[in-house]
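Please find the structures below.
Shared between the two complexes below is chain A, which has chain B as its partner in the first and chain C in the second.
Up next, the complex of A and B:
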């Protein structure tokens, strides 16, 4: 679950690179490699909106830390009442040299059962926490999984963008094609479209409130709409802090058990 | 009402028609061309979706379901291994995988696929739990790996594994590949499907058919069966619509043949045929302009009926013309005379027939409403075309010398009918007694009539796809009918309360006890959110089977439900809404036995009220639609028949200005209906969407002959003042015409007798029985009653 709440980051240092014609693969790599902080903490607000406009909100406290090449994340549900205290701890590992992904390690703590259980088997293309986002949508999808192409250029939210297409190499992938509008200056994605196996538009991503926080480009509000079911999820990041000291013991199984992370 | 005066009025119309014959012909051609051009918009409704209107409770409940849970429809393929082995071999798994891939790739509106290849299995161990996919890394070739994957899918038994005898049979020889569908919304549409929303389901069904029947899946090692409403609709479209076409073509052939045989001239064949086809094309075309879609199962009825009635009306006009033409040899006068003599009785029969079809508007079922409305309009159009075209076209040509050999223009056959009237007069009382005895004998049969809407039974085994469905149903996992119970509370989180979840578990147990619930092995085919909760609870408790339960502690239950909605969102959201206040239970059924199904539904409703007192409980799905259809067919049929009976009686009383004559006129028409009802009861021909039309139809058509007979009789009585003489003249003048029209009507309905579709054959049989018995009644009981009752008052001769 790399960079859980950061879809895309960028720095002004990359600006110079845009003056040269770049290939789709180069752009994809730059988007993929946008820097983020060594630690972060934030409160995430996830709002689920059904087709009738009815909303359901969940507040999640989030902490991340880079430990060598491992990205560690702790999520603690704050609301609603019935989920309060449910916590997830995840260790994400970098891709292998041949480009293949390494499975994450995850644990869940359920206060009602007072138990920590190891969770495995969640696929990157599964829903993230019951939302319209997948782990892939929020994390950094491995570059080796797609073939990239540039479809053109367009202005989005006032920014000049490349239209970058990523076609899944796996014929059985749930999302066959992702189209992103990538800001030429910052490499931050401004909006996205996701197509299903039959190449029908399935989801659209709208990015708002894109800011530099502690020098890192961060998208603070994302809205993913499943246009096929008319269900949407608004994902907002509040109180975001980068590179501040985070208690390392938070990222342990025993911290979950002791309900240490609040 | 004085018949002579009415005839004078129609005589004036006849003269007007002939005076302006060219202008009228041109106007009729223009109207026909304009209306018929609407035929390009003609479309058929298949399936039972169209049975209910937009404001109908069934439609509203379905919409509510679809707002929360998505499309109620889905498609599936049942894979059955033939010969040795099971579906877990490498070859079979590849086939299942390939079918699933093609379904997901090719079927429009495809959403989520479920098969043993991609099913999520939460597995608990001492450390935690894992959501496993048995073939996540592809289908193995190694026998040990294959065995491991099989063991994962088939772990435990049917009581502790939700997949066994649901997704896969306990012997591993049968498995379902299911595909849920996205809402039928244009934005989810791609270019491989019709632009017409009503055709989406049929197009989806055809696509599934194409996959199942493709070359790559023709193999003696396995058999594939399609399932789901879209697949059924496509089968209807594939096998039934052509069958309806064949019946209509046969009817046209029979009509032409009988016109040629009876009238023995080209004019007599061509003119009624042209009038009929023009009238039907105009009505169907005009209705298509207004977007009215024909019902596929009933579309032939107005067409065949229209042709039959057109022949009847034409014969009355042509025979009357011939009668006068033989007498006078004057063509124009004979044409006017035929309008004068036939105009009123034919118009009156048109009005009564229309009234009997209008009665279907009270049934509250769209196909029957469509059939009633269309038939009534077809009857009216046929009347207009026949009565406008025939006198005008008959008036063209030269006059001839009158035929002196014919007494009053009558043929030998006419004279025999005249003799028959005396035969009845002399034996009037035995005829009345015999009729009364027959009616009494058939009345108990009416109370034995049952309703039947099981499509398999109604359609019969002669249709190939019905045989296929029956074969599929014989398998352990085979399934055709299902229904859904939707339980909805107002308060959010209601199903996090253990007492409500306990009630849900009790409901599942209760559903298993209902007589029509399908059982596979030792497991009732009832599915709900509880199976996911049980799986998750077990997975979180080291995989111990003792935890394959729904927790009773409120906090644990609430958290488990939240966790299920997070970790298994898609599966869980199929059965529980996001607010945990609405849930559904799906139930598969063995068959659809109408009365038993209604009894099952009634006791289920009572149980729901007992278990969920504060909730709104709704029943949805094929089986509920069928139950509701049965209900409406029975009550709607009775209402329709009652309405047509009353309206026709009122019309007869009004037309004859005599209560006595009106009621006497009803007896020979009610008698055939009782006969038909008795036969239905005694011979177990149940009421269905087709047979329900027979009684009002027989009443509506049979009354035509009674009207012709009575009107003619009254006219001759006004002339002669003697009932016996009037009856003799009436039988001589229209006896053979009544015979011919009934023979032609019966012959046209006989095309149904040879249909491989059972309900059409039964419809043909009962209609022929009703119409022929009505004719017999008009030759026997009608004159006998008229002789006894003397409704026209004192006879002149007696005075």
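Up next, the complex of A and C:
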């Protein structure tokens, strides 16, 4: 859940290509390492739309901070009211030198229990809170999990894009293949496709309102559609601020327990 | 005039920096006894409408937090402990103040003053080190361990760093658990039967009929927790010196004689009184993540804890000096559990709990050693609109059991409808064990909740 929600919007799902001379791996690494600010804060609005058009809304306060090589993220649910106050704290670590991934440290605070609970930091292919996004979709997925290949190029939303394929090395992975259309100039994904274990198209991603905020390219609106269930999730970022002072004590377990994060 | 303007500006600035949040829920629930519940078959065992309101107001580094409830109880089952709730005489209405505190945080120090709920330990729904808060013991139907906790009036001083936390508590006033004293409570006649074998029993009718600790500084409770949060594990150490939240019950035979003590008794009844006893606890816990699993460990040692002696031993030896209502024994409690979150929205939790009394005497009102296993499986489907939860506890000594199946359906983001089935079973040969005594409270509950 590396810099969940914010950094992700700038870099996640991005497997970009810059020139023909670059290999898919080089492109993927450049995209993975795109800058996204030392700190960020934002309000995330998530709208779930079922096949009948019925909508449900979630609002989440998000704070991120880089602490050396560790990416720290705090999320606090504001709505719906029955989950208001539920908070997540995650520390994400870079891959080891040999390319293996390091599990995140993750905690959840449940106001009804008045308790912070340690949770597994390894399950990232689960749906995030009933949305059509997985934790991996929203996080900065480790490069070591995929094999990359360039499939070609195409113009999307008026931008020249590389078509980059990321095939999961894990044969049991819920998403076996991700295909992303990456803007050659900005490294930002313009759209994406996700394939299930049987290599059938499962989800499509549309990216809108792509802007530079404080100099960082960021996608402010993403729509993920599950084409198999006709369920859709619209994910929007509001009040986004990069590199502004964030209360560092928010990124501690005690802050969660004290319900200090607003 | 100018002076007032400046004051007004200052106040306006204060108001601007303040952020206040209100969260409310309205819950309506009713439960009916299952066919195997003898006299409770088809009876309502629960009938409540609860308005729960929380106000959180942030002002810079400080916060005020207030949580309270207004309860209407169709069965008249509400009772009080004298501080957690104000209850109507017939038990049909209750006004509860669960939490009300001021919280302040500085650079490394933090202070919380007022009524607060504190959760200790890594166990789920099992009390090992989680001894700070008393509980509302008036309901076993669709009961929630966390919701049953009552706030304690306390001062908490904390020392905080990035990865460690030390909390010291001073609890000046003892808060006992709430007992099912209301006549309308279905548990009342179970816990406080009016007669056994045609012998009348006189129980306390109000919370202050029990022998409560005096409100003196020397009767305060003290507690300490030290915790560390690392990549390898979360670790905590606990210490508590206070009071047991449940009273030790003394059974006093009341025998009347016609003419002198050599004559046969003409009437026989039992007067019941209760007394709260000091308790001390030293404990530790750990949560260790490993891939899809989180392993949880928790242990506690209660030196010289008072244990209830059984009613027969108290009545049999009815010369006053030879019938102690309790005996002091060392107790050890331990738990090992794991959480498993495989992909697909599943959450699986399993726990093993062992509880032993050292230097056991046969007249204690419990087994020398008791142990149980719990299992909980939860799965959310339909983009988390429907949640299915199945949980159970099996007493590994007498094989009595408690199990619950709950279906929660989100009608909208704000409204959740629930269907809950609770089943309590005795062990083989009618052994009561840990859960068999609740067999007449097996029930099905319908619940609607709106959050706003």
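Everything below uses one rule, namely that the second predicted complex is superposed on the first by the 245 of 262 C-alpha atoms of A that agree within 3 Å, B and C clash if a C-alpha of one lies under 4 Å from a C-alpha of the other, contacts with A are read in each partner's own complex, and residues count from 1 in each chain.
Basically, a residue touches a chain if its C-beta (ideal position, glycine included) is under 8 Å from a C-beta of that chain, and two chains touch if they have at least 3 such contacts.
Note that the structure is predicted; figures quoted are calculated from it, not measured.
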Superposed partners chain B and chain C on chain A - clash or fit: clash
First (chain B), second (chain C), both or neither touched by A:48: both
First (chain B), second (chain C), both or neither touched by A:115: both
Contacts of A:32 with chain B and chain C, given as first, second, both or neither: neither
Which superposed partner A:227 touches (first chain B, second chain C, both, neither): first
Which of chain B and chain C A:155 touches, first, second, both or neither: neither
Which superposed partner A:211 touches (first chain B, second chain C, both, neither): neither
Chain B versus chain C as contact partner of A:86, first or second or both or neither: first
Chain B versus chain C, judged by how many residues of chain A each one touches: C
Which of chain B and chain C A:198 touches, first, second, both or neither: first
Contacts of A:260 with chain B and chain C, given as first, second, both or neither: second
Chain B collision site on chain C, chosen from 307-315, 343-351, 361-369 or 433-441, when both complexes are overlaid on chain A: 343-351
Shared contact residues on chain A - chain B and chain C: 48, 50, 56, 82, 107, 112-113, 115, 117-122, 127, 129-130
Footprint of chain A on chain B - complex, ascending: 67, 70, 101, 104-105, 110-111, 127-133, 182-183, 185, 187-188, 190, 493, 496, 540, 553, 555-556, 558-563, 565-567, 569-570, 578-579
Chain A residues touching chain C - in the complex, by the definition given at the top: 48, 50, 56-57, 79-82, 84-85, 91, 93, 103, 105-107, 112-115, 117-123, 125-127, 129-132, 174, 231, 249, 252-254, 258-260, 262
Chain B contact footprint on chain A (complex, rising order): 48, 50-52, 54, 56, 82-83, 86, 107-108, 110-113, 115-122, 127, 129-130, 172, 197-201, 227-229
Complex contacts: residues of chain C adjacent to chain A: 19, 21, 23-25, 56, 58, 63, 65, 103, 105, 110, 112, 117-119, 146-147, 149, 158, 160, 162-163, 165, 227, 229, 231, 234, 287, 289, 291-294, 339, 341-345, 380, 383-385, 410, 412-414, 416, 449, 451-452
